[in-house]
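Okay, so subunit A shows up in both of these, paired with subunit B first and subunit C after.
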Partner chain A sequence: MMSLPRRLATSLLGHVRSHITSATCGTSSAGKSASVLWSCRTLSLAPGVSSCPSLVASLRTSAAQLGSASYQDVQPDYEVVAETENKITADVVSQVNRSIADRSTGRLFAVVHINGKQFKVTDGDLVVVQGQWPPALGQQLRLEKVLLVGSADFTLLGRPVLDRGMAAVEATVIEKSLSHTKTIFRKKKRKNYRRINFCRMPLTTLRINSVRLEKTVDQS
Partner chain B sequence: MSFKHLFMKSSFVKAPIQNGIGRYVGQLQRITVKFCKEHSDSKGVRDFIENQVVDFAKQNPGIVVYLKPRRHRAPHVKLEYLNGETEILSAKCLSERELRQWLEVARGSSGEPVARLRKMQHTDRPSIQGVWTPWTNVPPQTNLETFPSEEGYRAPQREQTATEKLRELFARQQEQKQLTEETTGTS
Partner chain C sequence: MVFLTSPAWIRAAKPDKFWRRRRTFRLSAHYFGRARNCYKTAIIRVEKALSYALVGRQQKKKDMVQLWEQRLEAGCAEHGTSLPVLRQGLMRCNVLLNRKTLADLAIWEPRTFKVRGSQLAME
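On to the complex of A and B.
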């Protein structure tokens, strides 16, 4: 049974991007509104951690997926598990914070909520908002409802949205026009009922100027 | 019923001259209002000229406004855009307010011919974390697996079910029972 975790640990330390560590920060403290997903490509566990016997338990999900250990084998010692998980979490959060602080995140994308719809956007994107929407032509907007921000290496998930001021998604209104003419035709069979209407919906085109992270995780 | 939309050109979202990346540039360049000074179908256009055209021109310094009276012809507005497109807006029997609203629509549009949009979004960078494949996020140790493999073929691990718990309990009870019987039998 012990051979498995050793293998897992080596593969964790290895070069391949793997699925294992998804650490949630702020599980114990309420009010923090971001959780972090960090791929193991950039996460390096300390050798001490990998040789720790309780890693078996902390990696129980992956062991379970392999189907190589029965449930009796994996009876986690919860205190030790929590300790190890907290350590991994802190490590991940500090690495994310460091990359935000020295602006080495690279290109970011964000999921923003605009007028009832969600869009995945990045710098230079075009987004069309359908229906009546107040912003005027040429206005610069800052989209405040950001549900998620991601870079190549990590993802920040809002619960349900990220803190105000954490992510800055800026956009410009570049077009306010009408859609093509849509035909709305209603008919009831054998009831002599036919209605035909035509409508053109208002469309607003946005140019996404920038997606940035302005605060580190858990910074108030 | 109209089938016009079925044969309509479709297009994707686009913006002319990278509009909005540095700053916003208005796409409507010039309007020519053609109207008659006498006919009643130009009434709304004449009212617009009397009451609003100066304000309109002041509010939109990027748009040149020409007025062209012509006798006993239906009123029109010619709209010219930065991308070279021109559009003729018939202003026949339009009220002052309606005309103003149509000019507002023209001011906001890019001059591209109206088409059905296939997507409401456009991006040059569709993926930042990499495109998902069936092998994304699969544990890498599967690479080292040799086949046939007992472990690889085993069903995914799960919690003990209630039935299994009951069975185990029952088996233990049976054992206990047997033991007690044996002990009583021997004594």
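On to the complex of A and C.
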């Protein structure tokens, strides 16, 4: 197992966030973030984020640039992140990248969005999807909406989803069936109103074949 | 003159009383006392039970949401924060994990959840 140094989560999250939401206002102060660190496991990824050093520049984006008069007086409550923090960020990224490249991440889990619901899955899991869902029996699927991939040492977090092609969550449809019959009975007293309907939900059972990481962090 | 409407007035005969009642009795088979075998009592109890089942199915969804929130609050308390702060932080970061998933992470992936806490605190 790769072991990352503790207390390294740093303001990497802050960096990436500011980069993405530079039109709004990224806030992260070095002191503040250092005080709240517990572990180094999370690395937040946004689609399209390519390099870390450029993130500092985006931090300078001021709230005043929003164009609204009421925002003019707002003082930015961020500071330019110290060089050491940049280095820590780069360290974390490189260690994560190395373990992805070496395939030494161990078993991964992922949170995938299927048919309006989120499921935490790992290799070999069975997932039952309720409701109408087009995939047919026996189809091999690649689940594209991956919100989060985690291993023993790090977690990659999508904002809101990971880059396409970054995580490969493959699944097979192994069953299309119906649920048990639900009786929907409605009655109003003394109103001569009585309805009875029967309902069976379509169910799709998926076998998760594999959860893999196919690209390294920040690789476009 | 041909009466076209009259055949429409003739209704199909109802099935035997036994078969009509059997449907209800099958649902009341496991009840206690006269509700099991007396039709008059059984039909009241069965209808009430079916109505409750409908309410219960709707309630179950709300109960689950409550359960997830309770678990998340406990998870947040472990890291010295609160659920509204967590939700707010995740929202600002554009992380759209739902309560169910977050509760799962809090229980089964504590290290992942821990850093969620640090992330929100940076907001």
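As a convention for this text, the second predicted complex is superposed on the first by the 137 of 220 C-alpha atoms of A that agree within 3 Å, B and C clash if a C-alpha of one lies under 4 Å from a C-alpha of the other, contacts with A are read in each partner's own complex, and residues count from 1 in each chain.
The rule is simple: a contact is a pair of C-beta atoms (placed from the backbone, for glycine too) under 8 Å apart; a residue touches a chain by one contact, two chains touch by 3 or more.
Treat the numbers as computed from the prediction; the structure is a model and nothing was measured.
Trainee: Once the shared chain is lined up, is A:205 touching subunit B (first), subunit C (second), both, or neither of them?
Mentor: first
Trainee: Let me test your reading of the model: by the given contact rule, A:181 touches which partner, first (subunit B), second (subunit C), both or neither?
Mentor: In the superposition, A:181 contacts subunit B only.
Trainee: Going by the contact rule stated at the top, is it subunit B or subunit C that touches a larger number of residues on subunit A?
Mentor: Touching more of subunit A: B.
Trainee: Once the shared chain is lined up, is A:197 touching subunit B (first), subunit C (second), both, or neither of them?
Mentor: Touch status of A:197: no partner.
Trainee: Once the shared chain is lined up, is A:172 touching subunit B (first), subunit C (second), both, or neither of them?
Mentor: Only subunit B; A:172 stays clear of subunit C.
Trainee: For A:118, using the defined touch cut-off, is the partner it touches subunit B, subunit C, both, or neither? Pick first, second, both or neither.
Mentor: The answer is second: A:118 touches subunit C but not subunit B.
Trainee: Between subunit B and subunit C, whom does A:148 touch in the aligned arrangement: first, second, both, or neither?
Mentor: A:148: touches subunit C, not subunit B.
Trainee: With both complexes superposed on chain A, which partner does A:109 reach: first (subunit B), second (subunit C), both or neither?
Mentor: After superposing on A, A:109 lies in contact with both subunit B and subunit C.
Trainee: Using the touch definition from the top, say if A:132 reaches subunit B (first), subunit C (second), both or neither.
Mentor: neither
Trainee: Shared contact residues on subunit A for subunit B and subunit C?
Mentor: Common interface on subunit A, subunit B vs subunit C: 11, 14, 17, 20, 109, 119, 150, 155, 182-183, 185, 196.
Trainee: Residue numbers of subunit B touching subunit A in their complex, please.
Mentor: Against subunit A, subunit B makes touches at 1-2, 4-5, 8, 13-15, 19-21, 23-24, 26-27, 105, 107-110, 114-117, 120-125, 128-130, 137-141, 143, 151, 154-160.
Trainee: Going by the contact rule at the top, pick out the subunit A residues touching subunit B in the complex.
Mentor: Result: residues 7-8, 11, 14, 16-20, 62-71, 106-109, 119, 121-128, 130, 137-138, 150-152, 155, 172-183, 185, 196, 198, 203, 205-207, 209 of subunit A touch subunit B.
Trainee: Which bits of subunit A are touching subunit C when the two form their complex?
Mentor: Residues 9, 11, 13-14, 17, 20-21, 27-28, 32-33, 36-42, 44, 109, 111, 117-120, 147-148, 150, 155, 157-160, 182-187, 196 of subunit A touch subunit C in their complex.
Trainee: Taking the touch rule as given, give the residues of subunit C at its contact with subunit A in the complex, in rising order.
Mentor: Touching subunit A: residues 47, 50-51, 53-54, 57, 79, 92-98, 100-101, 104-105, 108-109, 111-112, 114-119, 121-123 of subunit C.
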